[in-house]
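We call the chains A, B, C, D and E, going by the order they appear; numbering starts again at 1 in every chain.
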């Protein structure tokens, strides 16, 4: 696969200037948020969606940029909080943050507790060692008999588990899933053959393969759905209104071509969508 | 050994300095003191004898309220220890008031109980400076004089653990004296000591008695009792079994318990030395 | 008190049972024993006197090799303790061999040192069953006899901590005797005891002496020395300063050190009791 | 004798005799009458306040919907939670056992006369007490990144005699057990060492004087007494291990806590699952504590004054049982050795 | 006297006198001559073996490419690592201070005469020692899911007097510091309690007999002596806290370990970064250990036999300095009280 460009060292974002505030969009915001002027957004380090530049400085990554640009249209500043991935959704539940970003997959479990504004689609992919005979996984039975690594709290952990369950029910070789606390530990386990393959989002997988300089290669997943990802909003009285505002802002980013440019620059052009959705869909 | 100078006391009034009235003390169901009555007059040296467990220590500890009596009362300098007479009843004092009362009695323990984290001199300064709030400068002089009088001036700045038992006990006596107590209580002051070290402590006590200090001494040293005591009290079963001058109680005991006790002490000394 | 029956010993040969030859012992630079020579013959009771720090305990502990001599040698039953004579040299023994040698001497400590986690009877059974590998059944009978003879048969199944000091020391003596040692060493066996409890321990020791046991006793109990010892040894500055029958060493001492020591012991007993 | 006293000086009045001599004249009946005890108002207020706080807390726990008690109940005996609990218990038991054995060896090295053994044991303790268990586990798990093969062979690059792939030698469970045990052994070594040193040298001497050799004296006299000191902190370590064993989640071994985490990171029922996990931990630690107390009582046999719950006012009050100084010398002057 | 001995029976030969009497006849010179010491072969072999193992380990650490020493060097003083180290130190110092204060209060409650205070303190210890710190931190962090507002008000649903949103009251640092302190205080309480109980009751009595009140006796006599017992385990707790504070990574506070994890999550240079982290932890714990030893020496002043490094063969050998039993009674019969 095509690897994304490495992030500019120490740079804040893409060369593009931050879009200026759109007053019609601002009017869509709930009063409380508009008055506050700042949005607290949680994100877990998940390259290339969320990256912490080495040596300090502001966080970057394609999902960070998309969030930042959508917020700018709404006249909001964004205060990013970098936390572990398994703390993201609980943090929204506990109202510690207003929103969360970082290639968060939209899953049924998650939509029960938070509201998504989608901005991207991804497809999971496997990472395998460079010398592995397995290079592509075209049908579910190709996965059977493997030890699959995934990171704690990720939707890939759940996906891997369902693959394993399917192998079991279809009588394939037994498949196990090992869940590590961070993607780095998954990769480390893979590099030492403690797991045979690691399941991650396509962009993360591509980034990892690129970063580790020939140690790994990509294992394309030939089955399974495209997964929507997006900005997750904490559920409260203002959520419906805030979601609509962000949906409108994201749609404007799409229309203006900003979204495509950001993904081109930071994610190898993967995963662009033509319209933003709110999940679960608003009742009215 | 220099004279123990500033511990001079009066005997110019006929009121007892320590008065024990119907004192009772139980630990749970076990009645240690059944009924003790005793008057000690200023300047007197009273030696308490009695078998182990007869309640000697308990009685002594009631005098400065280290034990709270179960009944009866102890008066020191005319004040009820641990209580205030209000109307017809004795009201318990607050801990701070009891502490103030304790400062008028000095106590010397079998196991010395010096404060191991303080030097000898600091051991002496602690109470006068903190309890009586006296100026350290002034107390230091007095403390050094006392240390000289117990022959330990040159040990002022060492820690107690470097001293012999006899030296520690002499420091303990000086520590009690620097508070200028009106009565000194000794609980077997020599029985944790090596035989050779007993003499030096008894010598200090004799000197103290000569200076006129009122003393109540629990001891097994019959020689000391005979030579120094004005009064010997023999305790048995929580009461005073016999009381009188040493010539009477030691050399001519009347109570059966006293006789048995003196015989058991005697048994191991087949014949006197030289 | 029943006779201490099975501890009967011979004096039918003129060889000493304990022979100390030019014994020296230093701790670092500090020379505690400078040169000690002493012969103890079977059945003898030898009392060691001396100031604190004169090396009495150290000498006693060299006899069963609890301390390793810096020079010279100790012979028990004709064997060099801790060494084997090979060629012209003394070769150090292995720890196990030294342990075997120690079984031939019994030792009683000032602080009793009973094993607190074992009952009185278990304290007695431990060594004979494990060291000598004797049958527990047989040893139990002997142990009970010994406990009877020290007057503590009814305490066989209690833990030492429930006993008085005097009782603990009597158990300690029985524990040493059940190994049937050829010589018994006592290091101030009564000086950790309350005065009233000293008598009962001395009584057991006297009985033991009467039964013919060879004994080396460090003690301050002059009465015991005078009444029981065959020989009194006075130690000073790491040497034997004076030696002879009690009538000579105690009542008519020659060495200046002996005189001073006896005077210091005496001072506190102004006059004998009754 | 009285003549000696006659020379005492009459000027000095006892400095602290403040009040009047009225009590001296009070009749004996008054003095022997019942006394009026002091009231401690401050303490009573504090106690009432605390009771209120506790009651309020309990009340809110029952009424607060956010605790999701039905969910708690649903997961309490959930198969994955039970499996996690089982793994936690196995980890605790096995690794503690290994740690105790290793700890005794290390303590012996530290106390041995051999300088090399002392130094090596010292370095071991320094390293394993100086770095977090988390890091040690990650290291051990990833050891094959450093050493792809483990084996015994000729040093400094000589041929290997026996060996195997690191990942085969160090399976997941091996890593977890060995990792926990290595770390814990450093702490156990200090505990064992303290216990051995706490047995008075007198006891060793008494055993030696009876002809016991080193092994006998150690096994029959020293160790049984040292256990009295070793057992209580070891109990604490077992309880600690129960809890810290949850760090094995870093190597993806699903113990009690991690099993719950794997569930709630997918279903987001965080609080109820943490309550479930806390319940099981509290239950296990409580049972262990009871055990610990019984074992302590067993090893405390024959030692006077074992009572572990100090009575009223033991520190600042003065009314506690005293013990005789002299007659207990044997078991207590102890601490000096 | 001699006559009494004459009745002894001549049959019984000393049972253990095994060998011949040859030594008795050996001349004095032989006996006084220098002796041949015993050699300990086993120990020497063990020492040589261990030295080899250590040397081999050191050799492989230097030569093994997998350690990536240049990367280690690159990150050793990296700004984020330094910032993380700073946060770890702040966490350790602040939360330990809070824990010590809380611990003293809890110990006072446990030792007080008041049954309610005792029970509440007991329950507190039971809970905070019974559950993993990790869970406590997650709980506290998510407290707003349970109680969206924290405040002081009339109990059982009465009006709130002062208060605020839980997330405002419990900021990230507050959660970390309070969480660590609450957990640690349960351990400190037991340490303080042990220390206070270790001061012999005799000392309290001696202070009281001199007229000191409770506060004076506590501050000047009891506490300074208790510190001697309290300081060593507290030092261990500080070292422990330094390491276990890394658990705050669960609430995303970038301490030393988490800072490194954030880097390697992105760059995958896991092993070198863990080496960097271990280096700093080891350095800090070593410095703390040195401090601890100095402080212990300070509080040990005036207590005989303080030497903490036991000499050769202290346990199984017999050649150690003995202390007199009687003259040290004052400071040591101590442990009885």
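Convention: contacts are C-beta pairs under 8 Å (C-beta built on N, C-alpha and C of every residue); 3 or more make two chains touch, one makes a residue touch a chain.
None of these values were measured; they are calculated from a predicted model.
Chemist: Chains touching subunit B and subunit D alike, please list them.
Modeler: The shared contacts of subunit B and subunit D, listed by label, come to C, E.
Chemist: When you check each chain against subunit A and subunit E, which touch both of them?
Modeler: Per touch definition, common to subunit A and subunit E: D.
Chemist: Measuring from the mean C-alpha position of subunit C to the mean C-alpha position of subunit E, what distance in angstrom results?
Modeler: 43
Chemist: Can you give the whole-Å distance between the Cα centres of subunit A and subunit C?
Modeler: Here the centre of subunit C sits 85 Å away from the centre of subunit A.
Chemist: Roughly how far is subunit B from subunit C, centre to centre by C-alpha average, rounded to an integer in Å?
Modeler: 37
Chemist: Which positions in subunit A are in touch with at least two other chains?
Modeler: Each of 90, 93, 185, 188, 191 in subunit A touches at least two other chains.
Chemist: If you look at subunit B, which of its residues touch at least two other chains?
Modeler: Correct list: 52, 66, 100-101, 103-104, 111, 191-192, 194.
Chemist: Which residues of subunit D are in contact with two or more other chains?
Modeler: 138, 142, 145, 205, 208, 214, 270, 318, 322, 325-326, 328-329, 333 - these are the residues of subunit D that touch more than one other chain.
Chemist: Hey, which chains are touching each other here?
Modeler: Chains touch in the following pairs: A-D, A-E, B-C, B-D, B-E, C-D, C-E, D-E.
Chemist: Name, in rising order, each residue of subunit D that touches subunit C in their complex.
Modeler: For this pair, the touching residues of subunit D are 202-203, 205-214, 216, 220-221, 224-225, 228, 299, 301-304, 326-331, 333.
Chemist: Going by the contact rule at the top, pick out the subunit E residues touching subunit C in the complex.
Modeler: Counting only subunit E, the residues touching subunit C are 1-2, 4-5, 7-24, 26, 28, 30-38, 318-319, 321, 325-326.
Chemist: Considering the complex alone, what residue numbers of subunit C touch subunit B?
Modeler: 51-52, 191, 194-196, 198-199, 202, 220-224, 226-227, 250-251, 261-262, 264-274
Chemist: Over in the complex, which subunit B residues touch subunit E? Could you list them?
Modeler: 64, 66, 95-96, 99-107, 109, 111-119, 126-127, 130-132, 159-165, 168, 175-176, 179, 192-194
Chemist: Enumerate the contact residues on subunit D facing subunit E in the complex.
Modeler: So the residues of subunit D touching subunit E come out as 40, 43, 46-47, 50-52, 54-56, 59-60, 64, 66-67, 111-117, 120, 123, 126-127, 129-135, 138-139, 142, 145-147, 155-156, 196-197, 199, 201, 204-205, 208, 214, 217-218, 222, 239, 243-244, 246, 257, 270-271, 274, 277-278, 281-282, 285-286, 305, 310, 312-318, 320, 322-323, 325, 328-329, 332-337.
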